[in-house]
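Both complexes below contain chain A, partnered by chain B and then by chain C.
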Partner chain A sequence: MGKEIFYFLIFPGLLFSAVIGGFLSWVDRKITARVQFRKGPPLLQPLYDFLKLLLKETIIPVRGSVFTFLVSPVLALFGATISAVFILLPLFHIETGFAGDLIVVIYLLNIPSLTYIIGAAASGNPLASVGASREMKMILSYEVPLLLVIVSVIIKAGMTISLTEIIAAQAAGGAFIGSISGVIAFLVAIFCIQAKLALVPFDIPEAEGEICDGVAIEYSGSSLALIKLTKYIMLFIVPSFVVLLLLGGFSFKGIDILWSVLKLLVIILLLTLIRNTNPRVKIDQAMKFFWIWMNLLAVIAVVLSILGL
Partner chain B sequence: MLNMRLLLVVPFAAGIFLFLLPESLRVFKGIITLISAAITFYLSYAVFLLPQQQVELTCYLSASLDKYLLLNIDFLSKLLIIFLGFFGFIFSLYSLSYVSKTKKLTNYYSYYLITLGAAFGAVLVDHFFPFLFFWGILGITLYKLVKAYDEDSSSVAKKSLIMMVASDAILILGVALLWKSTGSLQISGLAIAPLGILGTLTFIALIIPALTKAGAFPFHTWIPGFAEKAPASSSAFLIASLDKLLGIYLLARICINIFILQDWMKFVLLLVGCLTIIIAVMMALIQHNYKKLLGYHAVSQVGYMVAGIGLGTPVGIAGGLFHMVNNALYKSGLFLTAGSVEKRTGEEELENLGGLSRVMPLTFFAALVFALSISGIPPFNGFASKWMIYQGMIDFGRGSGIASSLWIVWLIMAVFGSALTLASFVKFTAGIYFGRRSGKYDKIKEVSILMWLPQLLISLLCILFGVFAATRVVPFLLEPIGGKINYTGVWQSSNVSLLIIVSIIIGFVIYLLGNIRKMRRSDSFIGGEKIQEELGYPSLEFYKTISSFKLLAFFYKKAEKKCFDIYDLSKKLVLWCNGIFSKAHSGVLPTYVIWLVAGMLILLLIIL
Partner chain C sequence: MGLKEKIFKKSLWLFHLSAGSCNNCDIEILDCLTPRFDVERFGMKLVGSVRHADVLLITGIVTRKTKPRVLEIYEQAPKPIVVVAVGACPITGGIFAEGYNFAGPLDKVIPVDVYIPGCPPKPEAILAGIVKFLNK
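== the complex of A and B ==
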């Protein structure tokens, strides 16, 4: 059991993925700043943010449900960390017997969103409630296209739901993105993770200018720090998940290290550029976008991968 | 031997005895029910421990009846018996406090016990004649356990009865067809591959009653109304647990013992299952009445069981049956919590509730566990069984045949159905327990121990069944039924659950490291405006966006007019036929005379 706790807390779980995630969020902010002709924050800014929040006063809504309100961010952090462990262990080629399959990972990746919803509802704030309902509707929107992408990966990998076998299949026959269906699936996946990470144009559940951070409106101090930490980790592992599914995973032999890092950074760059060049859409527009267009593309990807293209 | 006999006799005898007592002794009746339910629970445990065997009971009336009283104790019936015993006991505990003050229910406890006895009978017997007898009793007691006090509730009770009786008639037809094609009415050990039209008809006639009892599309329509109008304890006892267990039991017997599943049968079952999941949950999403919302979910979850059993593989069958058990646990738990909320507030609409989590903390905790379980959130039990069904579907995709090649459709519908379930339970929990509490509910107290104890016990089982799913529960209860399971996926529920505890500890350490001790309580911030009581954002508005999409809006409108209700459709057909026949009854004497003469002429022509 000690082994599992080590994986969970130190590497590749909480500590490791929080550090890398913090770094990636700095990359994201730096690129954003450059796009807007600003200088951008220093490298350690994510850490400063986290520590500052930890020391701030925590305000708890007077009519809300305190226990649920405070436990939700903890469980969000749990969801992000446990999916980090299950995604990163196969990515780093560590065979330990502690693993989760594709279905488990998809469900675990939904836990942070769900706990935001529960926490927001528990706060009793009307704006948080609006945010929660939007968060739920976003889950309903991107769930099916993301699932179709995963189905096409399952088909390409020869009907397996083991993450290790998916990586092995790509090591043997080339990354899945090297086919027409792979490219389409990657495109769909990028939009889905944009929504999953609640980045513009799909930051509808948070929408600072409109509902004042929506689901997180009532959080402050340590509890907000936990949410920030969860967001850092999600920014690392959700793109890594796409790298695992479609880009062939990581490799650590010689020059391949550079490639592995680049794969991740390219996805972050794509996400950042999309978020800096688009305005926020309305919730019904987002739902139509995913339900009609993304599903159509994803179905095409699945059909092409059945045909072997 | 004695245990089995007692298992059948005790509930019936106690139930009939309770008819003799007057209604004013309701508490006393409840206590007798509790005692007999406890005895049956013990007996069911004793039967559960028996080895697999077939027992012939002696009938004292006539020796020629003995062959019908053959009891079959195999792993499937043992699984059913232990859970029937458990639910029978736990709901009698809950009823003691819940039913005691409701004046309108007469002979509730008698029908309760008779239902329990008939359910044991239906599960134990190995011959279709006594099975039909017990199955018929269940239909009648179901009707008597709805409280018919006004026009709506009587029509709901009538609808349930008519649908049950119609499905019983179809079952009898199916049994007759089975007799014609095999010459045997023993349930176990048939294993026939249905051929031709006769085989097809037999299969369809046998699954329709199973699907009606369990409540799968399109025979589900009696359930939502029943859930809305019946007392919560009846709903928990019947539509959440007992009918699911029995309907899926019959389906499992049909699919495992009676028939060897062919490809088209798998296709039919998967189609019915997946359509049930999606259609019912879409209806649940727009409900205002929380008991009706739960009723639609009682339908939707059946889809997973039907689909799991329809896969026909060991992992699918085990997943389907495991989901049956899990669903019976959390769904009945949800009805119990709904009953508690209803008892304390007297309110059945979601928009009038809110913020009860602090005044009813135990009920809230239990309801949250059930809601997370039904939505399939790891590590609760609902996830464990859904996970088995999903990987069964992916595994199934390796095979050939039309049902296998459509595995993507089944998988997407099942997983999306699960997301929609989550969505409607967000609405359910947010509507009742979260949000701002209106002033009139400030003085509400938690329900009595007789009511919260069953809820907490069931929620504990939900957690345990999830945490120890693959290591203990499935190998012990389910693998003997469908065969050894080869998992293609990995889900280490016990380890992950332990890590949840670790992370909660870490979370509190982080809170303590931070400045949490100096926390301040303040009213909600809504952009600087002063908050007003009426400013709540009702959870009902959550899914307006979805129901306003053009295509969905069309279906919702039609569904509200009951255009897809098989009961209303057949009612229309019957009334239309009546209309035609009633034209003949014009009341004009010469017309009747013409009918008479014409009829006589026709008869003469036939005879000559």
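== the complex of A and C ==
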């Protein structure tokens, strides 16, 4: 029991992933600043943002449902933390003996988005409900190609749904990105996690210019701090999930540590560069992009991996 | 300066409200966010919703039409909030002080923390005002 609580609260769970995620969000902002020839925020900026939000007043909207409104950020944080535990334990080679964790992770990674929808719908703000509806459409768009990528990974790993065995299969036969189907799957996965993290070409649910942060519009103070913390954690674990599925996971023997960190940073760099070089698309364009092109590529990846390429 | 105040000043999120301005000060505020002046190095960023704001940047004379809106925005903002009057208009009324539509300078409507005069103030002047506030 004590070990599980330690896993959840300290090491791969809340504290660790929040610290790393905050650092990665600083990396993201710093790269953005450097791309625009700016100086960028200081290193501790995510920490300052989080602490400042904790100290501010929390306003509860008159026309909202108070309980649902306040509980949904907490649930989002729970979902992100539990999925962090499930993804990071196999990545750090801690044996759990749980065979079907890939399926659980697929479900758990959706909890933050779903709770944003619930919280936005409970806030009683018209712009928030527009954001909630867009978030729902985005989930419907990116989820199918992501699932197809995971199917292709399962086929390549020899029909296993255990994350530990997927890592072991890649350690034995080379990372899955080394094949043609792996490259295609990686491409699809990058776009899907861009949408999952709501970064710029697909930040339609929280478009700042048109619907004023959309799903988060009514949140202030500590509940907004929890949403920020969830975003930090998601920025860490969703790229780590792709590292696990396609890039062979982390390794901690000697110089391999640097290599592992580099894998994560390269994915963050890719996401940030996509974010900085693209304008926001409309919701119908995003759905068309995922449903036609990304699904097509993902199906090709699945077929190629069945053929063993 | 306590720890709370220090953290607050390290991460100021700006909300920009035009209370009947001629749009010059608004453009100068947007200039501060460009790569040349880059207020993000002080941890500031522009937010879309007043619920996330720590600083209200108010430009323009407060007209009779916008006075209730300014009051409502101020009440909707989570406290503590810093109110910055940007430009000559919210401070004194500027060249519109004799106008029929003038509903008093901003500090008669809501409490103001920082005054940045100028018509319009240069981005350097806005940054200088903000840095003076940060060092206060």
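Note that the second predicted complex is superposed on the first by the 304 of 309 C-alpha atoms of A that agree within 3 Å, B and C clash if a C-alpha of one lies under 4 Å from a C-alpha of the other, contacts with A are read in each partner's own complex, and residues count from 1 in each chain.
Quick note on the criterion: a contact is a pair of C-beta atoms (placed from the backbone, for glycine too) under 8 Å apart; a residue touches a chain by one contact, two chains touch by 3 or more.
What you see is a predicted model; the values in this text were computed from it and never measured.
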item: Combined model on chain A where chain B meets chain C, clash or fit; value: fit
item: First, second, both or neither for A:I217, with chain B first and chain C second; value: both
item: Chain B versus chain C as contact partner of A:Q36, first or second or both or neither; value: second
item: Greater chain A contact set [chain C / chain B]; value: B
item: Which superposed partner A:K56 touches (first chain B, second chain C, both, neither); value: both
item: Chain B versus chain C as contact partner of A:A122, first or second or both or neither; value: first
item: Partner chain(s) touched by A:D203 [first = chain B, second = chain C, both, neither]; value: neither
item: Which of chain B and chain C A:F98 touches, first, second, both or neither; value: first
item: Partner chain(s) touched by A:D28 [first = chain B, second = chain C, both, neither]; value: neither
item: Partner chain(s) touched by A:S65 [first = chain B, second = chain C, both, neither]; value: first
item: After superposition on chain A, the shortest CA separation from chain B to chain C (Å); value: 6
item: On chain A, positions contacted by chain B and by chain C; value: 55-59, 212, 217-218, 221
item: Interfacial residue positions of chain B with respect to chain A in the complex; value: 355, 357-358, 364, 368, 376-378, 383, 387, 390-391, 394-395, 397-398, 408, 411-412, 415-416, 419-420, 422-423, 426, 429-430, 433-437, 488-492, 495-496, 498-500, 502-504, 506-508, 510-511, 513-516, 518-527, 531, 535-537, 539, 541-543, 545-546, 548-549
item: Chain A partner contacts - residues on chain C that touch it in the complex; value: 4, 7-8, 10-11, 35, 38, 40-41, 43, 47-49, 51-52, 54, 76, 78-80
item: Residues of chain A that touch chain C when the two form their complex; value: 29, 33, 36-42, 44-45, 48-49, 51-52, 55-59, 208-209, 211-213, 216-221, 224
item: Complex contacts: residues of chain A adjacent to chain B; value: 1, 4-5, 8-9, 14, 53-65, 68, 70-71, 73-75, 77-78, 81-82, 98-104, 106-108, 110-111, 114, 117-118, 121-130, 132-133, 136-137, 139-140, 143-144, 147-148, 151, 154, 159-162, 212, 217-218, 221-223, 225-226, 283-284, 287-288, 302
